[in-house]
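In the two assemblies presented below, subunit A is common to both, partnered first by subunit B and then by subunit C.
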Partner chain A sequence: MCVLPAVLLFFVFMILPTFNIFRMSLYKWGGFSSNRTFVGFENFTKLFRDMKFLQSVENTLLLIVVVSVITMSLAIIFAAILSREKIKGQNFFRVVFYIPNILSIVIISAIFSAIYDANNGMLNSILALFKGADAEPVYWLGDQSIVIYSLAGAMIWQAIGYYMVMYMASMASIPESLYESANLEGASRIHQFFHITLPLIWTNLRTTLTFFIISTINMSFMFVKAMTSGGPDGSTEVFLSYMYKQAYTNSSYGYGMAIGVVVFAFSFALSAIINAITKRDVLEY
Partner chain B sequence: MKKLVSLFLALILALGLSIPAMAEGTTLSVAAIETAYGSEIWQEVTAAFTELTGIQVDLVTDKNLEDVISAPMKAGDFPDVVHLATGRPAALTETLIKENLLEDITDVLSMTVPGEDKLVSEKIAGGFTESSLTNPYGDGKTYMAPMFYSPCGLFYNAGLFEEKGWEVPETWDEMWALGDTAAAEGIALFAYPTAGYFDAFFYALLYECGGPEFFTQATNYAEGIWDTEEAQLAFDIVAKLATYTEKSVPSNANNDNFTKNQQLILDNKALFMPNGNWVIGEMADAPRAEGFKWGFTALPAVTEGGDRYSYTWFEQLWIPSEAANKDAAKQFVAFMYSDVAAEIFAKGGAIQPIVGFADKLEGDNKIYYSIYDNGAKAALGSFAATDPVEGVNFADTVFGTINSLVSGDKTQEQWIEQIKTDSDLLRQALK
Partner chain C sequence: MKEKRKPRFTGEQLYHIFIYVVLAILAISILIPVAWVFMASIKQNVEFYGSPWALPMGVYWQNFVDAWTTARMGEFMLNSVLTTAIALALLLVVALPAAYVLSRFRFRGVKLLNTLFMGGLFINVNYIVVPIFLMFVDADKALRGIGIDGLFLNNIVMLAVVYAATALPFTIYLLSGYFATLPKAYEEAAYIDGASYTRTMVKVIFPMAKPSIVTVILFNFLSFWNEYIIAMTLLTDPKGPKTLPVGLMNLMKAQNAAAQYGQMYAGLVLVMLPTLILYICVQKKLTQGMTLGGLKG
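Moving on to the complex of A and B:
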């Protein structure tokens, strides 16, 4: 009886909408009228032949891999440096790294649009020092082979601080005595990092990795919406931006929901896989 | 006893809430998009309407109107009148067209304009209620009322042309020659805000290449239309123009950075851009080159002495078929063509398509609206409405791909091939 309100709320706000998405993905529907045609799995068969959707899958996967690997690695390295090494201005760095996290995505996008600007941007101005002022600029947001990495750059910058703080918190709980004894036995800093720090924060790492990968799917939508609108010519379209475009701009609500179902299944499967492959025995100390 | 008291109190509360609603007369809910013209014009116009008819108006204006009205509409709460044009990224109007959710307002044309003795059809300028922009199903019935028209064409810095002694090109051959001359001085021939701005450009170009009949066939996805010589000519011109386009344009051709592309004209880094006269207000506070002066021209002709076209862009006002107060809504639509309303709108820079109204304009506005008096023909219309085709967005295919033509990521042949494929799919889904 005590858990009934929670169960009820969970059912109304989580289970029911999810079920509705599954149901609507089987209809041809524009979203507003009462005209719905049941089309079975037709939306799904069309989806897997839709080259633009496949491109959005490719872009999403690329972002998940690139952004997760780089963000996680840098966040762990910075956290290890800031918590294990004695460097000047430690607190200053802590704050500086965390600042991007309190900025809104729109502001970060505006900052990076300015940095990436082809004619007056910071990146091209620095490159011009080496290449000469007359050299052809790099079109960070216009060159279709580069633009997705430009987005990744902004996403990494935004996320590092948050995860760094999380890892620092878990590193702080590792007993100092372990490092002292390792020092006495002559273990190098790098050896200590791989054999003491990393195994002892593993549980935290696993959880954040799953969180991060799922949040990358959501964050990529916001960055795409604020920086490129999916362009140029669909080259930065990701799962959710394509879903939005189909459901609203293209009046294909049912088709959009079919994309939603695929994203749901994909996120679920990916979380399960990550959970399985990162499973280790929990170390106690 | 406590329960009875609570029940009694709840009953009183419910009654209290319902009394004001019953006491009032009709209240018309009007939702209008807030654009560069501002929202004050809507407040004034609705006030004038209430004064004349006694019908109260509940007005909502917002820059992202779709975000405000979509959710209530999905829940069945529709505004009575909506002012929201087609061609917006959220495509709410297009969705309602595809869903057959617009009210037939053909009878409004034969209504008398409130406060005047003329019929609405006598006041709306010729041609405005005959294209697919107001009659989306091509059945002779009007579903959207034309509002706030604006000639679209190529904008340039007239000051730069005077300084350099350059002539504004009248044919595409002259355009390419000017492109080479300007390139020698480090100025690109062309820029565009976003690829979506090619709609007005491309429609006018289709008229120039093949005339009105060809335009109608092309916008109705007629079989084999994209294989004709006329279509090839239009494709060749766009593809060639892509090679003359400033290279950084695709980088900023999105909803957030498009003003950087417009700035290229103000900074003399590019000569022409396709746009409508709202750009003047949009860039009013932007820095500009010395001696900058806005210039505006129709598209150059395909051949010497050939027809030149300027696309007439206009916004639309419509009544959802689920609206609660349709009669009052139709009166409101008719009122939009009254002199009182037109003058209020004109104060904000929005010009109603009313017979003879453009003659009263003064200053800059006169230059833009008199383009049709100076030999350019008016191009009207757009791609025909279809049932939704999953995964196919024709505007993205035809216009969005131009970004790839500029950056060299796609060839002209790939572009045309995709247009043909999508056109075939849309033909089968025509309404």
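Moving on to the complex of A and C:
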């Protein structure tokens, strides 16, 4: 009896819509009119000839690689520093690094729009100190070849603290005695990091890799929605923003849902592949 | 980096200085932008055409007044508070008993339900927001036939229901993980004393689960308060209710045309302040809770 309301809500608002995505992806369905024609896999075949979709694939892949690699390495390094070294204000740094994680993506987007602003932005005014005041401003959000990296910058800024705290927690469970004996044998810090810390948090690293894939796909959508709307000229269009554009703005629901299905399958497949490649024997301590 | 040339520093000290510099750079790169927003929120509009680093000429509270009334932020704030409160209340009422039953009692289908809720962790709202929207459109259309108008779309109560529903898998996962660690002896004692199942659950188990309930409230407060994709999709009427982040985003989009920078940053402060205050009060709990749950976003 007690489970009933929860199950009901869960079914109506999660299972049913998920099911609908798959069902609708097989229909040609435009607008608010109720004429839906069953077209089978036509939406999917159309998708792979859609240049705009292919661009969004490229953008998303680029973001996944750039954001995951940079965030992960920085987060590991900072976690290692904060948990291994005796640092004054350790707690202060931890608290500060986590702040971006509690802010709404809308706020972060607004902040970064101010940072990246071409004329009165913080970044350009810092650059102007080095290049001279009348140098040509960098169009962080206007230049098609730069904007995707600007987006990645905001995403990395947002994510570092979260993963750092997570890595710190798993580093805290490594017994101190391992480091003590390594010290006695004269192993350097860097040596200790690569031969003790990294192997022992490997399981945790693997899990976060899956997180990275899923959250980059989602976060990139939220940032794009609030910051660039996919522009300029589709150069920041990502998976879900393109899906949203097709389904919600453009009202081609069937086509949009087909994108959703492809993205879902893609993120699953990529996670499985990454999981398989990074498989190592679990080390016990 | 100058220190490198001075011989009186040993390698060890250099290393420490280097670490502090790196940590400080990251801390500054996080604190400065946040502080900058607070500073910008009290600047007058003309000041935004000067250097971004200039300190505000004076405290220009008018921005907040403008944001509160002209940009309807006051109304949006109330909407946000209501939506978050309703969603949290509903979530707790629904999820607590469900999590308890799912983690404690063995009956037919319990395994299936647990698996389904676990699977729900992988369903992201960004995927299902459009089907939910369409469902609401259809429901509204059907209801209009019998004279009820606008029950689903543009209704913050329904928005709260959707929030609560989408937060269920994570919440149940976290709570039932905690319930499973509580010893059964307490309940057995309660049954022997003649307490009913419901009474035991409410009077014995829930008070013991307080730490995890607090964690659940914290995380969901942050995600409901900051959420805007669902809100943006389900609150379609430009004159209708909006939540704070959605209103803010509209202001951002309009910003270029109307150049209402001051208002916008005042709005940002309004969204940010509650979460920052909450964070400062409970930061320890939050970072601990994160590793407890292990799954988010």
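Rule of thumb we're sticking to: the second predicted complex is superposed on the first by the 264 of 285 C-alpha atoms of A that agree within 3 Å, B and C clash if a C-alpha of one lies under 4 Å from a C-alpha of the other, contacts with A are read in each partner's own complex, and residues count from 1 in each chain.
Note that in this section a contact is a pair of C-beta atoms (placed from the backbone, for glycine too) under 8 Å apart; a residue touches a chain by one contact, two chains touch by 3 or more.
Quick caveat, the model's predicted, so the values are computed rather than measured.
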Item to check | When subunit B and subunit C are modelled together on subunit A, clash or fit | outcome: clash
Next on the checklist: Going by the contact rule set out at the top, does A:I156 touch subunit B (first), subunit C (second), both, or neither?
Outcome noted: neither
Checklist entry - Taking the superposition as given, does A:T249 touch the first partner, subunit B, the second, subunit C, both, or neither? => result first
Checklist entry - Is A:M72 touching the first partner subunit B, the second partner subunit C, both, or neither of them? => result neither
Next on the checklist: Contact-wise, after the overlay, does A:S109 reach subunit B, subunit C, both or neither (first, second, both, neither)?
Outcome noted: both
Item to check | Contacts of A:M171 with subunit B and subunit C, given as first, second, both or neither | outcome: neither
Checklist entry - Is A:L26 in contact with subunit B, with subunit C, with both, or with neither (first, second, both, neither)? => result neither
Next on the checklist: Under the stated touch criterion, which partner chain does A:I148 make contact with: subunit B (first), subunit C (second), both, or neither?
Outcome noted: neither
Checklist entry - Which partner reaches more residues of subunit A, subunit B or subunit C? => result C
Checklist entry - Now for A:T228: first (subunit B), second (subunit C), both, or neither, which partner does it touch? => result first
Item to check | Colliding stretch - subunit B into subunit C, listed as 127-135, 181-189, 199-207 or 253-261 | outcome: 253-261
Checklist outcome for this item: Note: overlapping subunit A surface for subunit B and subunit C spans 32, 109-110, 113, 117, 226, 248
Checklist entry - What residues on subunit A touch subunit B, complex-wise? => result 28, 30-33, 35, 43, 46-47, 50, 52-53, 109-110, 113, 116-119, 136-137, 139-144, 226-229, 231-235, 245-246, 248-252, 255
Checklist entry - In the complex formed with subunit A, which residues of subunit C make contact? => result 15-16, 19-20, 22-23, 26-27, 29-31, 33-34, 36-37, 40, 48-53, 93-95, 97-98, 100-102, 113, 116-117, 120, 122-124, 126-135, 137, 161-162, 164-166, 168-169, 172, 201, 222, 225-229, 232-233, 245, 248-249, 252, 264-265, 268, 271-272, 275-276, 278-279, 283, 286-287, 290-291, 294, 297
Item to check | Residue ranges of subunit A in contact with subunit C within the complex | outcome: 2-3, 5-7, 9-10, 12-18, 20-21, 24, 32, 78, 81-82, 85, 87, 92-100, 102-107, 109-115, 117, 120-122, 125, 157, 160-162, 165-166, 169, 189, 211, 214-215, 218-219, 221-222, 225-226, 240, 243-244, 247-248, 253, 256-257, 260, 263-264
Next on the checklist: Touching residues of subunit B toward subunit A in the complex: what are they?
Outcome noted: 66, 73-74, 89-92, 94-96, 98-101, 194-195, 247-257, 260, 269, 388-393, 396, 400-401, 403-404, 407, 409-410
